[in-house]
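Across the two complexes that follow, subunit A remains constant while its partner is subunit B and subsequently subunit C.
Take a look at the complex of A and B:
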């Protein structure tokens, strides 16, 4: 196998590639700014310089030349090479800052150049704490500044587009954002303008940076030049918890990080997943974090008579639902699953109502034709249409459902978290003759029309699985506490500094941020009169049961989903799935 | 932008000829911008948009190119554009003195145009004539070398009268006979 020597240590490589990427793959450190594994390689920051050379080959003898010690004679490139653009070659010798003083000096000097016009904004800069320039300067840079002159000033706080703000002074012209719009989102909206020390990225004249993927440039910006208009000045990164999750705003299910502080989700960023979204995600998915915080249903709501909904106790909600269920025969119950709810919750709904004798389960996919773009935005607006379908829920359309209710006149309608009135042809009148129970996360037209509303957890509060448009099952991890969960007790939840070192009585802890809700399955098992007949204690157990019951889910488990970043299911319905 | 710019059939044929020389459209940006600037006198945002649409190259890229070169004018300029070099060699030989002298004489700052539309003044980076420093270039054309105040006075008088400067041959010392 071809070999490479980095800092006098031998490594073997299989596939051709670049030295920098090889080093990163092997956990070696080398500073860099402009390189990004998913973008082209311009080698313009010059930060990843290494000393490199090839062994001298004696063609006549057919062997490598050796010196008196028997070591290979190395012919080094006359100047330092950028590791990001240097191809792996059999026998190549690379010296980094660990073994070569020239490289060390070059890295420090290069950083000094990059920092010459970079403002000392860190205390007020959003990037601080997750800033490659800041980190690498601590690690490799010069200790102080020798620059005594006035720095070049450029425009600050320009609203580049609806979601991105540019601070041109901080820009180090790595061109990652430009390459992103040219190579990934293909909107070609950015370019570096002007030249020399005056240049910075900009859109065309009078154009907005309204790319539907614009916020990815904020992620890949190695400095605080591009910041998110929404997240700007909201929180320091070191105060937040980071929890792996998936995007709920469309059918692609991009892998994400949820960033929380004081039980509020403050931002969503993409998490690398080779199989789904690479390093990217659409802007819409990031702004969907509001759904986790705002307009949440807290405590069960019910409508005692034809008046307004009132809050009620969990016990009363449970007893009321049991009472209503006793009044009707199974044939008069209409159960509607949800592509917005998880596999586990839909399964629990099905199991629970099957026990009562209900045999037909419906769901309405949430498709908006034409909204997809073939990349990470799909026509499907729900994260779990394939999941519901695979559990045996029958697919129907809004119009067909309306007609069904009009003709069959069910006496009890049970809807899992889905705003059917808001998004389909159903109206409040459809619920007028039936008693309606809705499991909901946020107040919407459907919950307002219901007779009983059970508040349930969002993807940010429970561990549950979702199957995306391509049939890949992925799961979430709780990021926000509810009234009934606790970070310290649920070992799956992440703990930030404020959680570790704070107490309940600190002024940065707001009890009101914890919503009074439980996962839908937890409420559903309470309806079993013989007391938790299903025996579920966690959504993990439900998934184990699903894995046994449904061939498509064979060998699916939380551990495997965590290990492999989701599992591709072999769904029969795959051919029907619209992938936009 | 009040004015709209268009290429007529003849222009488009010329541009077709220019683009045919290159394997990619993007490579033709510079010659096409030159063509457009020759026709319209400048490359302001409206012209950039026209070039972008004609070539099918992103507008942001065209803006990047125009703003990179001082030779492309991103706003309408005077009849004569004086590009005074203030890069290193000219600077040490008095480039800024010349620039400030012209600023005083014309009553405008670098980057501005005289109210009568006769002159625009720019301070530019190296034009590659360090041997004849200090120097300036007139409207992306002839160089005026070894500037002195008298030479500047004469140049401005000539330009006002409509006379463009002639090409001036400046043999380098090492090329002169006997050296």
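Take a look at the complex of A and C:
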């Protein structure tokens, strides 16, 4: 197998590639700014300089030339090479800052150059704390600067587009953002303008940077030059907890990080997942975090008569629903599952109402034809259409559902978290002759029309699985507390710096932001006569049951989903929603 | 060779009226080399043309001085897909103004040379990249190209053979960096003029990812001479290590600045004193920049016996560059001059690589401070440190070009720099 020597240590490589990526794969450190594994390699930051050389091959003998000690004679390249663009070659010898003083010096020199025109406004910069320039300067940078002149001034706080703001002075011209729009989102909206130390990325005259993936440039920006208009000045990164999750805003289910503080989700960033979204995610999914914080239903709501909804206790809500269920025969109950709710919740709904004798379960996929782009935005607006379908829910359309209610006149309608009035052909009138119960996360037209509203947790508050348009099942992890969960007791919740080290004066939890809600399945098991027929204590157990009951879910478990970043299900061909 | 320079008859820009008209050029042995090649394709197979040019050792006139025929031989075997020849007429280095004379007075010789080069490398499309400021010369060249098309020297099936070639002109938008071969290609492709990382070299992956060769205008204008008279004849002109006629662009403090054509290897003092009429106002010579602003300046006392060819200049401590000689008299303020050169590179750095983007600006600011009389002794060390940190650490050679004049000027005129600096270090009494 071909070999490479890095800092006098031998490594073997299989596939051709570049030295920098090889070093990163092997956990070796080397500073860099412009390189990104998913983008082209411009080698323009000049930070990943290494000394490299090839062994001298003696063609006549057919062996490598050796010196008197029997070591290979190495012919070094006359100049330092950038590791990011240096090809792996059999026998290549690389010296990094660990073994070569010139390389160490070159890396410090380069950082000194980068910093001479950098404003060094870290205390007010959003990137501080997660800034490669800051980190690498501490690690590899010079002691101080010898630059005694006025720095170059460039435009600041320019609204490049609706979601991205540019501070040109902080820009180090790595061109990652430009390459992203050229190579990944293909909107070609950004370009470097001007020349020399005056250049910075910009859109064409009078053009907006309204790329649906524009916020990815904020993630890959190695400094605080591009910041999110939404997240700007909202929080310090070291005060937030970072929890792995998935995107709920469309059918692709991009892997994400939820960033929380004070039990509020403050931003969503993509999490690397080779199988789904690589390093990227659409802007819409990032801005969907508001749903986790705002307009939440807290405590059950019910409508005693034809008046306004009022808040009620959980016990009252449960008893009221049981009473109403007793009044009707199973044939008069219409149960509608939700592509917006998890596999577990839909399964619990189905199990619970099956016991009552209901045999027909419907759901309405949330498709907006033409909104997909074939990349990470799908026509499907819901994260779990395939999941609901695979559990045996019958697919229907808004119009057909309206007609069904008009003709069959069910006496009780149960709807799992889905704004059917808001997004389909249903109107309030369809609920007028039936008693309606809705499990909902946020107030919307449907919950307002209901007779009983059960507040349920969002993807940011519960552990649950979702099956994306390609049939891949992935799960969420609770990121924020509800009234009934506790970060310290629930070991699954991520612990941030303040959880570990904060005192009670650090104000990292305020009760105001805890929503009085529970997962839908937790309410559904309370409806059982004996209280614990299903015996579920966690969504993990529900998934174990599903895995036994449904062939498509065989071998699915939370542990495996965590380890493999989601599992590809073998769903029947005809039940798959095609990506746009 | 330099003794008989007085009897030398110009070959690149001969004194023939209206030579830019194709009829005049044809009367003066024009397009004969092309006809000769196309008439006898057996003797003059593309490989043989490359060999002939390689033997003639035409050293690239764009600054690097690389053997043009050798460069041509790097082109891979044709595979039926497009290949390109890009002619570099972007000359924007301060002190260089020679290619414009070819566009102005003898464009057909360049066109003929380019066609022969295209033939030798199986190229069917030639791009001529000309700096945007040369609008009148572009018009002249375009007229000449149109004439060549009319006469059948360009276009489909040239002179009845199966060899076809198209020639397009492309104007730059005023960027010095686009004279660097890889950013020239980026610019031709319609992109921002950022130099490319090498390898891959242009002959492997050039314009639109296809094999491409980039030659200077003057280099290509030499090709018909070699093909007409043979490489042996060509090697006789000037030193054999750097043969051929050279357009010396002499500017600065001389009585008769201008472009003069003489053999390579001319004695520098002869060029200054006899060709260019001596230093203006009878003053003493202080320094010479031999080949455009990026070449290290030479002190007057370093010029003894130095001739204008790559080897002699390297020995003297500089480079041939583009042979754009800038003559500086005794009144020249070297600090001001070096600042002006740095100012140019600061303005022209494309900003792609960190050391060049930031280093050129730092040099400029420090030199400005120094020329304004606010310099300090430690700034000299700082300037040298910046130069060392810029050299050899970037994608293209602009950082080197910006660093050399500063480094060598401080090296060679340190007393003048020190005079401009405040004495911040005092001897302990």
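Here is the rule we go by: the second predicted complex is superposed on the first by the 567 of 580 C-alpha atoms of A that agree within 3 Å, B and C clash if a C-alpha of one lies under 4 Å from a C-alpha of the other, contacts with A are read in each partner's own complex, and residues count from 1 in each chain.
Everything below uses one rule, namely that a residue touches a chain if its C-beta (ideal position, glycine included) is under 8 Å from a C-beta of that chain, and two chains touch if they have at least 3 such contacts.
These figures come from a predicted structure and were not determined experimentally.
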| item | value |
| --- | --- |
| Three-chain arrangement built on subunit A, subunit B and subunit C clash or fit | clash |
| Partner chain(s) touched by A:81 [first = subunit B, second = subunit C, both, neither] | neither |
| Which of subunit B and subunit C A:44 touches, first, second, both or neither | second |
| Subunit B versus subunit C as contact partner of A:202, first or second or both or neither | first |
| Contacts of A:215 with subunit B and subunit C, given as first, second, both or neither | neither |
| Touch count on subunit A, higher of subunit B and subunit C | C |
| Which of subunit B and subunit C A:189 touches, first, second, both or neither | first |
| On subunit A, the residue positions that both subunit B and subunit C contact, one per complex | 191-192, 194-196, 199 |
| Touch list for subunit A against partner subunit B, complex | 181-182, 188-196, 199, 202-207 |
| In the complex, subunit A residues that touch subunit C | 41-47, 49, 78-80, 82, 85, 106, 109-110, 112-114, 116-117, 146-147, 149-150, 152, 172-173, 175, 191-192, 194-199 |
| Residues of subunit C touching subunit A in the complex | 175, 192, 194, 197, 346-355, 357-362, 365-366, 369, 382, 385, 389, 392-395 |
| Residue ranges of subunit B touching subunit A (in the complex, touch as defined) | 45, 48-49, 52, 58-64, 67-68, 125 |
